[in-house]
Amino acid sequence: MAKKSQTEKLCSLEEAISRFVPDGVSVAMGLQLESMIPFAAGHEIIRQDKRDLTLIGPISDILFDQIIGAGCAKKVVAAWVGNVMMGSAYNFRRAIEDGIPRCLEIADHTNFTIALALHAAALGVPFLPTYTAGGSSLFSRNHGLAEFEAPFTGEKMGAVRAISPDVTIVQAQRADAFGNAHVWGNLGASPDAARAAKHVIVVAEEIVEPKVIASDPNRTVIPGFLVSAIAEVPFGAHPSPVQGFYNRDNECYREYHKATKTRQEFETWLHDWVTGVKDRKEFLQRLGEDRVNSLKVRKHAWSARADFGN
Amino acid sequence: MAKKSQTEKLCSLEEAISRFVPDGVSVAMGLQLESMIPFAAGHEIIRQDKRDLTLIGPISDILFDQIIGAGCAKKVVAAWVGNVMMGSAYNFRRAIEDGIPRCLEIADHTNFTIALALHAAALGVPFLPTYTAGGSSLFSRNHGLAEFEAPFTGEKMGAVRAISPDVTIVQAQRADAFGNAHVWGNLGASPDAARAAKHVIVVAEEIVEPKVIASDPNRTVIPGFLVSAIAEVPFGAHPSPVQGFYNRDNECYREYHKATKTRQEFETWLHDWVTGVKDRKEFLQRLGEDRVNSLKVRKHAWSARADFGN
Amino acid sequence: MDYTLSELMVATAAREIHDGDVVFVGMRLPLIAYVVAKNTHAPQAVGVFENGVLRSTPARELLFTMSDGPNITGALSCLSMLECMALLQQGRVSLGFLGAAEVDRHGNLNSTEVQDSSGKMVRLPGSGGACDIAALSKRFVALLDHQKFRLPEKVHYITSPGYGPWRDSGRLKEGGPAAVITTKAVLRFSPQGEAYLHSYHPGTTVEDVVANTGWPLEVSPEARETKPPTKQELRVIRNYDPKGFWTK
Amino acid sequence: MDYTLSELMVATAAREIHDGDVVFVGMRLPLIAYVVAKNTHAPQAVGVFENGVLRSTPARELLFTMSDGPNITGALSCLSMLECMALLQQGRVSLGFLGAAEVDRHGNLNSTEVQDSSGKMVRLPGSGGACDIAALSKRFVALLDHQKFRLPEKVHYITSPGYGPWRDSGRLKEGGPAAVITTKAVLRFSPQGEAYLHSYHPGTTVEDVVANTGWPLEVSPEARETKPPTKQELRVIRNYDPKGFWTK
């Protein structure tokens, strides 16, 4: 880790996934809930036909459903798997209910317990205490949750076991070639997931000069010395939104919902949008220039400047 | 708390201290280590002759020493009390060693354990686990630290009891009249201390229009609905620095070191700079325009803008 | 009727928000309820979203998810999920909203897995933040599609805790369900934590509600018809969701 | 001598920093050691400051505290104290520096309270982050004014843990003191955790060091004179602290 401090880590998304997401690892993604979900990275994982992954994230919207449908996952550690706008995620259901395309193990969390699990790992402790989930059935099936007696007060509390992902994939608005990344808007569990991970892949809308990043160190929620690879992928989070870059492509979630009700339909969808596509650039071509342009920010809202001078 | 959401809380520092720092309460201050220490607020506490306060903070530089010397404190909960640049804090020593001007109780922490204690309260849990301080003598004297057996791993760990200050005083670069505050630079334990507290007083270098604050919600580390009072006090942190506003007045720390070696000398210093002065404005007049101007930012360094549009 | 069932539910939910409340808003109908409350009787309410967003003003445009651009622009604060959940755990959140697939006699919610009519397990998306809101907010309100199989005597999996022994002491004592707003009625809870019929929506009857509930539902002697949305409430709803995406 | 004792100590401390290290920097002499290392053999070292600052470049001007303006401008990242301490607890910090009033035979440090010659207790500022750095960094280096009373057999209060039973297992097994750089010598530690004389500074002798140590100090058969600062090291030091505020 230490050796990488200020070396350039810029590479293609293909190379980043190939090097840092081997079969069998645990991958945290979609940490900011419905925005900045690294769909391009997920699609590259599918194209490279990774196997036996453990997917970690609070909700992921439809990204986990796609990876599950492609047969890349053996386990999901999440609070919610579905289509936020439309409801059910059909591949997830088929995998859990019928083992199609393969059996899927699930560790059910809540948004809070998964945030705490990542926070524990980011803090370097084996667990964190909490009151949430008291009275629920979660403790009975998730071995990452347990009851214990708290020191000082002696009360019964929940303990959430730390989760250290093998790799965390973080979407950022901008980063420099050393991996120092600016992220703004809702942060979700992104900073903790990055610090909790053994490797971090940053997918940025744009690579900028180091001086842009250094001009606002409070915005640098991912310090580059924790990053293994950084890839520049414009529209890399589509159809989820990236504040200041593009809006959510709601139509895409509707279409996915309609197009994945049966296994056969999903296979067609997967070929059309993922496996039959070379990379994100080709994906955007297929989406069409008009549609892509229609998603771009219409009304800019610039932050007031802050003076870091002395 | 809830009722205060977007009501104006702007008042004088005098009124803020008078209303929210009654005798006997615990006060967290100096949460960002050597910068943005709320000296103006501390001096107002001394002028209003508050009694039996418990002072909470990682180091506070010389602020706690002044409040202790003025006889306002009965207890210090801190990791370090001294003069960062010069060494000893003489009032702290006199109080601990000789009970002058009154006996002082101390709960010795480390920077990490006090950060964890405030983080625990900010998270709403009675304690947090840690590995720090293992092997040290801290556990034997500080009742806020204990050993316990961790769930899952069964290992022996340290537990840090939560600290919820009655009031946290936070220095901010800018805020709106509702208490929503922008803070940048090193954050120390400031955000956690604000969230851990029953009341928050914000001392801002400048009050700005709400739209300035709303233009950058990631900079708003103190949301106004947790704030009880907000005061505009330019140079309110002097002699500590405020990034983007003024630099550290090193000379002041040197002078304080020299001028407080004996109790008598300290009493003179206290009269000259605190009790014999009406408010921060008069303090700055006494300091002199040239000295004040010499501390102002010489070279601006503006943050790159971020687009919050959609 | 000159309003939809969804509009009635939104208006009913909005009235659960008191001025000054810190509200865990959620999505869909509760989100619109928050907009209605802010624009009518609760201008000082603060909205908390688990993605890390705090808002003192509703977003200018209709949201499909809480992380849509308009919910970020002009937010009170953008934090982490942990920091928003911490407000819940501290007891600073006065009200939370959530949906569910099943609600039982004591207000326990299941949104993890159910059985279909053939007895086959159907997997649902899971808790998300629902369990956290149910466990830790001072009061919570659940929304439900009122069908008999969705209101069993006892849910077989508790995703989000209602009333039970866990409310007898400790941190969870402070909370619990305040109301269940269904497509037919509003249920509230007795001091013993049992649901009773508080009001039935216009167009339905006490008998219809009882017949479509999976246990012998207690009926309050003061049970009355649910108050329909006011003109002002409808104006806010239709202004915010003009195409009726969530409220038609 | 064409260099000061402080300059010798700074150069010696700088050589403890390996390229790529994540260093908990501290203030005063170690801060300058970090500047020297970055400008000589360890350009890839990252500095961590407990106020919440990460830097990959040294601040442009001399710092009196880690929160001075120049240490913030152009920082790698500005975080919270907790986030920086978390790097320590995760085991990501390869080296930490700290000062102390007393160091004992097993590298335990006291900076909380000492007794003066009359036996009266003298209160010192306390741990600050020292205990955290000592407990949790992979290696730590302490700096000390070499006087016999400052090197007791056993400190009566352990502010910052050196070697002891707590290093036998668990998380603290990974760390411990690597060196104590005093005003007379460099001490290192045996596999059993006992200090021995590794080198004595130019102008002093083995006998002088041993005579000024509060226990029978083991002397390494390879004990030699401490290597003086190079011209390059001195150039960096004097460029950074031209008035010799910390290094005269």
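As written, the chains take the letters A, B, C and D, and residue 1 is the first residue of each chain.
One rule holds for everything that comes next: a residue touches a chain if its C-beta (ideal position, glycine included) is under 8 Å from a C-beta of that chain, and two chains touch if they have at least 3 such contacts.
All values derive from a computational prediction rather than experimental measurement.
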**OP:** Count the smallest number of chain-to-chain hops linking chain A with chain B, moving only between touching chains.
**Re:** 1
Subject >> Any chain that touches chain C and chain B >> reply: A
**OP:** Could you find the chain whose CA centre sits the greatest distance from that of chain B?
**Re:** C
Original post:
Taking each chain's centre as the mean position of its Cα atoms, how many Å separate chain A from chain C?
Top reply: 28
**OP:** Averaging only over C-alpha atoms, locate the centres of chain A and chain D and give their separation in whole Å.
**Re:** 40
Original post:
Measuring from the mean C-alpha position of chain C to the mean C-alpha position of chain D, what distance in angstrom results?
Top reply: 57
Original post:
For chain A, what residues touch not just one other chain but two or more?
Top reply: 124-125, 130-131, 155, 184-185, 187, 215, 218, 241, 243, 247, 297, 301, 308-310
**OP:** Can you tell me which residues of chain D touch two or more of the remaining chains?
**Re:** 53, 68-69, 72-74, 78, 82, 88-89
**OP:** Spell out all pairs of chains that touch, sorted by label.
**Re:** A-B, A-C, A-D, B-C, B-D
Original post:
Quick one: in the complex, what on chain C touches chain B?
Top reply: 19-22, 43-46, 53-54, 56, 68-70, 72-78, 82-83, 86-92, 94
Subject >> In the complex, chain B residues that touch chain A >> reply: 124-131, 146, 148, 150-153, 155, 157, 159, 161, 173, 182, 184-185, 187, 208, 212-213, 215-216, 218-219, 241, 243-245, 247, 297-310
**OP:** Would you pull the chain A residues touching chain C in the complex into a rising list?
**Re:** 32-36, 58-59, 61, 78-82, 84-85, 87-89, 92-93, 96-97, 108-113, 115-116, 119, 130-138, 155-156, 184-192, 240-241, 243, 247-248, 250, 253, 297, 301
Subject >> Contacting residues of chain B [partner chain C, same complex] >> reply: 1-7, 122-125, 178, 180, 195, 214-215, 217-218, 220-221, 223-225, 308-310
Subject >> chain B partner contacts - residues on chain D that touch it in the complex >> reply: 27, 49-53, 64-69, 72-74, 78-82, 85, 88-89, 108, 112, 120-132, 135-136, 157-161, 164-167, 170-172
